[in-house]
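I am attaching a structure below and will ask some questions about it afterwards.
Letters are used for the chains, namely A, B, C and D, taken in the order the chains are written, and counting of residues starts over at 1 for each.
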Amino acid sequence: MESIPVEHGLILAAILFSIGLIGVLTRRNIVFVLMSLEIMLNAGGLAFIVGASRWGHAEGQIMFLMILTLAAAEVAVGLGLIIQMFRRYKTVDINVLSEMKG
Amino acid sequence: MDITLADLIPLLPLLVTTGTAVVAMITIGIKRDYGLTAVITIIGLLFAALSAAYLMPNTNSQVTPLMVVDQYSLFFTVVTCATAMFIAIFSYSYLANLDDHKEEYYLLLVIATIGAIVMVSSNHFVSTILGLETLSMSLYGMVAYPVHVKKPLKFPLEASVKYLVLSAAASGILLFGIALIYAQTGTLEFASVVNVPNITEGLDDGFTITALVLVFVGIAFKLSLAPFHMWTPDVYEGAPLPATTYLATIGKAAMFVVLLRLIEASEALTFNSFILVISLVATASILAGNLLALFQRSLKRVLAYSSIAHMGYLLIAVVASYFVQGSISVEAVTIYLVAYMIMSAGAFGVATVASSSEQEFDRIEDYKGLFWRSPWLAAVFTAMLLSLAGIPLTVGFIGKFYIFFAGVEAALWILLAVLIVGSGIGLYYYLRIVYCMLLAVDVEQKFDIALGRNISSHAVLVFLLVLLIGFGVYPAPLMAMIETISTYI
Amino acid sequence: MILVWLIGVLFLGGIIAWLSERLNPNYPRLIALITVLLDLVLMLTLLGAEPAIGGWVAAIDAPWIPRFSISFYLAADGLSVLLLLLTAFLGVIAIGSAWDEIKVRAGFFYFNLLWTLAGVLGVFTALDLFLFFFFWEVMLIPMYFIIAIWGHENKNYAAMKFFIFTQVTGMLMLVSILMLAYFHYLQNGFVSFNYHDLLTVETRGPLEMWIMLGFFIAFTTKLPSVPFHSWLPDAHSQAPTAGSVILAGILLKTGAYGLIRFAVPLFPEASKSFAPFAMTLAAISILYCAKVAFAQTDIKRLIAYTSVSHMGFVTLGVYAWNEQALQGAIMTMLAHGISAAALFMLAGGLQHRIHTRNMLDMGGFWAKVPRMAVVVLFFSIAALGMPGLGNFIGEFLALLGAFRANIPLTVISAFGLIFASVYSLWVIQKVFHGEYTNSEFDDSHLTDLTHREMVYYATMIIGLIWMGMYPQSFLALSQPVLLDLISSTEEIVNIVVQN
Amino acid sequence: MQDLIWLLPTYPVLGFFVLVLTAGRLPKNIVAIIGAGSVGLSFFTAVIIATQFLSSGENYFIKEVWTWMAVGNFSPGFNFYLDGLSLVMMLVITGVGFLIHLYATGYMADDPSYSRFFSYMNLFVAAMLMLVLGDNLVVLYLGWEGVGLCSYLLIGFWYINPDNGYAARKAFVVTRVGDTAMALGLFLLFTELDTLNIQDMLYAAESEWEVGNDLAVAAALLLLGGAVGKSAQLPLQTWLPDAMAGPTPISALIHAATMVTAGVYLIARTHILFELAPSVQELVGWVGLITLLMAGFIALTQSDIKRILAFSTMSQIGYMFLALGVGAWSAGIFHLMTHAFFKALLFLASGTVILSLHHEQNIFKMGALRQKLPVSFFSFLIGSLALTAFPYTSGYFSKDEILIAAHGLEGPGIIFFYGGVLGAFLTGIYTFRLFFIVFFGDSNAAHPPEKEYGGWNMNGPLILLMILSLVGGFIAVPLDPVFGHHEEHHVSGLLHGFMIAVPLVGIAISFLFFYTKTFSVEKLMSNTFAQTLHKFWNNGWGFDWLYDRFIVFPFLWLARINRADIVDGFYTLIVEISRTANVMIVKTQTGYLRWYALSIAAGLLLLITIGVLL
């Protein structure tokens, strides 16, 4: 059967990745920042799938599953911290966290 | 493939550590007892270290595709577990008066150690990621640990959030890079990326280099190499001292071992441009780190910046590894890592002993006249600082000597020049601290180092000092051991 | 083995002195004095020793770091012995000068003092370049402490400057040493830091010059020579008297020793082609620093600059590289070691008495402290090269030898003799001549030299006169060593010329 | 007994050490005995050695004491070399030296630091003896520097007054310039001839260098540099007048009789070298001539009694140089000896005058001292006559020989001759100007003397020196073996008469000016030209002015502007650079998470581009 060329998949992944990265850079709301991180991670996952499909392995897909769990864990910890942060600062603007510098 | 019982034996250290975590968790579940948990952790880590040391002489096996348990990884397992144990000991007195649940901290510490062990013995991207994330996750926790005490310190939160977000981003980059490499080579093991079979058009060298750079950046972030270093001082400053220590020693070492294995296995340095990339990062780190530290008044931040510079020094040896025949540069990296762990553990240790979770003594002025208030502590601190500055009689000098040697053999003149300049600048801020300790004592005792309160911590300091001077004056045994294990890379 | 004792005794003595402070604040200085005297006695046995092949009177060679075939290789020949004796002698003097001056934390002070001396002894005897570098660095740390703890108003800056200068240039030397060792590896298949092995290394071409420069810079920084001299005035003016004595009397000499023992013999042709530049630097040091010295108002800074000026004659002599010149360099090292040490002690004594180093506040002290005046007068005229005293022998021989090597530079350097008289007599004039006025300071403590002080100065005076009237007893020790060095380097150069 | 020649310097050295170590604790009479006695002993020894040496008929005698240093082929020894030349010098030094010591015991009687004075004096005599007795140039250099040092110490003896200190330093530094030249000469000689033993060196020079050889010229020039420095000849003469700041016996011993003539000795000692370099030898003559005339003119204008004598010393040494220049070696040394007698006499006498007038040195504050100070008067009379070469005084014979020899030389000889005669004329004028003003006319003294100062220990030496100045001319100096016998020049009787007459004319002129006041100085000084000339001469032809402008001030300026040592500035710059770099880079640590993330992203892009493109 005719399969999608590897490059296309990777380019898509790259685009996703860039979106995620830009999201991290631009958003001030920490929740959105976490979401952007998710996107970055998933971009990586997608790239793995593409690779797996190229070589016809299972490894890539396993990797993707692992990334999902990993992302979940990240978010879990992240949200925990966000709650703490919201308790203390009554805001989710990330710029409040800038007391240490120099 | 299925795991036989024989395969489990090399994993003994890992299993012991894991066991420790489980046991600790159960005990906590049954009855909260700070002392007990601490003791369990410490003993568990001790056994892990011992078992690793026991296995070391005659073990060299690939346990599942994921983990290679050779002398090198076992050596670092020993180092890691030992350091973790020391940190646990430091933590004990540090956290003693924390008005919150203290026990889980040790859980996190042990789990982080599991991650570190996995990393040092991984030659497969999956295990790398597993280990790395296990480590990072628990570190987030450790950094933020005192986050909701009654007298709220804002810093742990800020540090933790910054660390979490940036580190997650870095992991993302790392993963993406790995994915590209995988797409290129078709294997997740650390394998050569040069002249891979049946290369498809479009996935040429440029692609490979991109992938490598992505991976390298991901790792460079964890090693806080410039320009990915900015999080370091903030996280170091915000985190409670033991967590900082953990971050600065084990966190760095484990990651660097991975980097070393990866670079060696992937032959990435055959790309000149990649060498250029690493050299640039090394130069940037050395200069940035040292310059940033110059007039810094917070001890933790100084050490953070200096760690940036030290990672830069290490990269020089990595670059050299491509040019020299023989394992000199691998030895250089190894011995420097060991030296670095000893001295930064010692330096942070002194601060930890002085401080406690209620009040950390982080300003350099806090240590004014320490030489006359507490000569012993000051002596240790001075030794550690001089070692960081690479002065003879200390293991730090031996490490630097190796790096110089590797650099000379590889004829990396520019990098050596940078190294000299950097060390020159470095002298200034290390001596600044020493001088501050030499100043006349102020009237009121800034802080008391009740020897009784944490005799064990002092014992650790003694041990570290002995190692520092011992390996500094008679490094032959250490060198011999490292020479043998380095052949496994 | 005795060499190990020499160094070990000092290390141990230092520790004991430190601990003994708990018992009684006066023990440290006693213990220190005994230790150094003991060392001096041990050294005297070296004088009797029968030289082995190569003129080594004592040697020990024990494996240390097999990975790089680095060995704990100490050995002493006539040259080393001379400098060892100087070290111990000035060590005693330094302890004497600190006797009353150092009151606080005496234990730690004498610990540092003795460890510095130990490091210096190591430098003078190490024949394994790694070991040499090791001692080279080791002697800095205690010196740093001495300046940083017991120094004067600007001690932090001075100590820092001293440390960074010597460290950074030291790293250059380390690189050079490693390159040599690596060349040895390429040529003989194994790394070696052994002096004799490295002498055989053939480093041809431009690289040799670079390696040599690594050594040269490190040594001329310690010597010091323009343009690496600017740490010295600060270090000297800030250090406590004993510190200045050690610095000027001994530490500077390690640089000169390094040039004679390592820089030139290891790189004969590079040194040969580099000699004109080195001698030019020497001439500049001599004249420039004499001029700057004349301009100083801080008496210790002044003496510091004169030290640089005098050490210029050493560089000149070393790079002229013939027997007269080298003997001159060595005599200058010894004589200047004593005269500069004495002058710093006198300056320190003055500061101790009137709490100022500013010469503009002084004047007419002859009437007030005649003994001190006479002693200062003696050492000043010794420093300006009065025949019959040690410094003259050194500088005369150095110039005599240099004249063969390079006439113009020798002529220029000779003007240093005039400048020397200018600044030396200026000091006498400013401090001791004229009407005595004590408007600027409280002179309640301005008392003449005590008998104990007179004893130190007397010994040093006798030493200088001895060197001046019968230098043979010193020249004889170093002569065989120098002849060997000269002949070996000439051989190598000739071989190269033939190829 | 000759073997005991090493005792000569030993006595004074011992004296020096005793006096230094006792540090003024001894009573004055003991000090006097040690100080003067030690020199007396050496004089005594010297006389015995001299008689033995002359009777032995040997041309020279060497006593080796010990090898100073042996470095390769360079091995000077502490050896004594005695021949006619060093014999004369040795006797003059010890003899005149002893008399002056004796005089000084009285002169310095009420000085607080009596023993310091004599310790310096003894050291000086010892050094001077080493200078003239050393058999190699290094030992000579030792003595050479030693006398320089003592001269420094004694000029600055009264240290309370900074001017004395300044004068002392000036003397030392200026002579040091010459000494350095001499040292270079030594280096050159050794490098070329492989020995600094004087006799061997001269022999080697003769055998290796033909006349006019460049190296010979260079070496001779360098030695001449040393000589002019010590002997206060052009262009290094400026220090001598200031040196009068020292106590008067010093002026007599060091700055008239012995040290300043060391240059003459040096050239005479190495005369073979100068014969190998005729151009330099002629230069010596010219230096001598110019100096003697210049000093003569200056002496005319001075008003300080000691400065007048100082300039006359300068000009008399000029005569000696003239003699050396024309190759009349023995004449030069002969004049050296006679000059030692009468100039010492004059200085000591002036010392008595000064003390009697309570440290008054300005001759116009004196006058009419003839009856008051008889001894000084006669001393001055005889001294002045000898100085102006009045027939059959000592000065007459020596100066005669010099001028005749000069006349005998072709080429510049004739100029030298008439120059010398002119000098003699000036000598007549300024000497007797001093004499008449001080001892005749009416008294201008602030507080006239009640009685002449000094007892036997001061007058005795004066009387002895008077005798020597009178009859010294008849002493036969045994110099021929040293310099070889020169054929006697002869000049026509007419010319000879002229030579004798000229000084007398000079005397007559000053008689008319300053005794009878037939001519008035005021009238002479009325016109501006005369005044400017007077001013010019009074300031020593403006040499000090010149040297200050072109050497001293620039040096001081250089020293002042660079007190902070610009080299250090370079390192300060480095520090500043890293400081600013730190300030700048610290700004990047903003603490804002998004900024950090941005840095990561930017770094990532940068590295990828570098990686892919390069």
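Assume a contact is a pair of C-beta atoms (placed from the backbone, for glycine too) under 8 Å apart; a residue touches a chain by one contact, two chains touch by 3 or more.
Only a predicted model underlies this, so the values are computations on that prediction, with no experimental measurement involved.
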item: Between the pairs A-D and B-D, the one where more C-beta pairs touch; value: B-D
item: Between subunit D and subunit A, distance of the C-alpha-averaged centres to the nearest whole Å; value: 96
item: Mean-CA-position distance for subunit C and subunit A (Å); value: 65
item: Rounded Å distance, subunit B centre to subunit D centre (Cα mean); value: 78
item: Rounded Å distance between subunit A and subunit B, as computed from the means of their C-alpha atoms; value: 26
item: Per-residue overlap in subunit D, given as positions that touch at least 2 other chains; value: 586, 589, 591, 593, 597
item: Subunit A residues counted as touching two or more neighbouring chains; value: 21, 24, 94, 97-102
item: Per-residue overlap in subunit B, given as positions that touch at least 2 other chains; value: 161-162, 165, 169, 173, 233-234
item: Chains grouped in pairs wherever the two touch, ordered by label; value: A-B, A-D, B-C, B-D, C-D
item: Subunit C partner contacts - residues on subunit D that touch it in the complex; value: 20, 23, 66-72, 74, 138, 141-142, 145-146, 149, 152, 156, 159-162, 164-166, 168-169, 172-173, 176-177, 179-180, 183-184, 186-188, 190-191, 555, 558-560, 562-563, 565, 567-568, 570-571
item: In the complex with subunit D, residue positions of subunit A that touch it; value: 21, 24-26, 28, 94-95, 97-102
item: Of all residues in subunit D, those that touch subunit A in their complex; value: 586, 589-594, 597-598, 601
item: Residues of subunit B defined as touching subunit A within the complex; value: 125-126, 129-130, 133, 137, 140-141, 144, 147-148, 152, 154-155, 157-162, 164-165, 168-169, 171-173, 175-176, 178-180, 182-183, 186-188, 200, 202-203, 233-234, 237-238, 296, 301
item: Touching residues (chain side subunit C, partner subunit D) in the complex; value: 161, 226-227, 229-230, 233, 291-292, 294-297, 322-324, 327, 364, 366-367, 370-371, 374, 381, 386-388, 392-393, 396-397, 399-400, 403-404, 410-411, 414-415, 417-418, 421-422, 425-426, 428-429, 432-435, 469-472, 475, 479
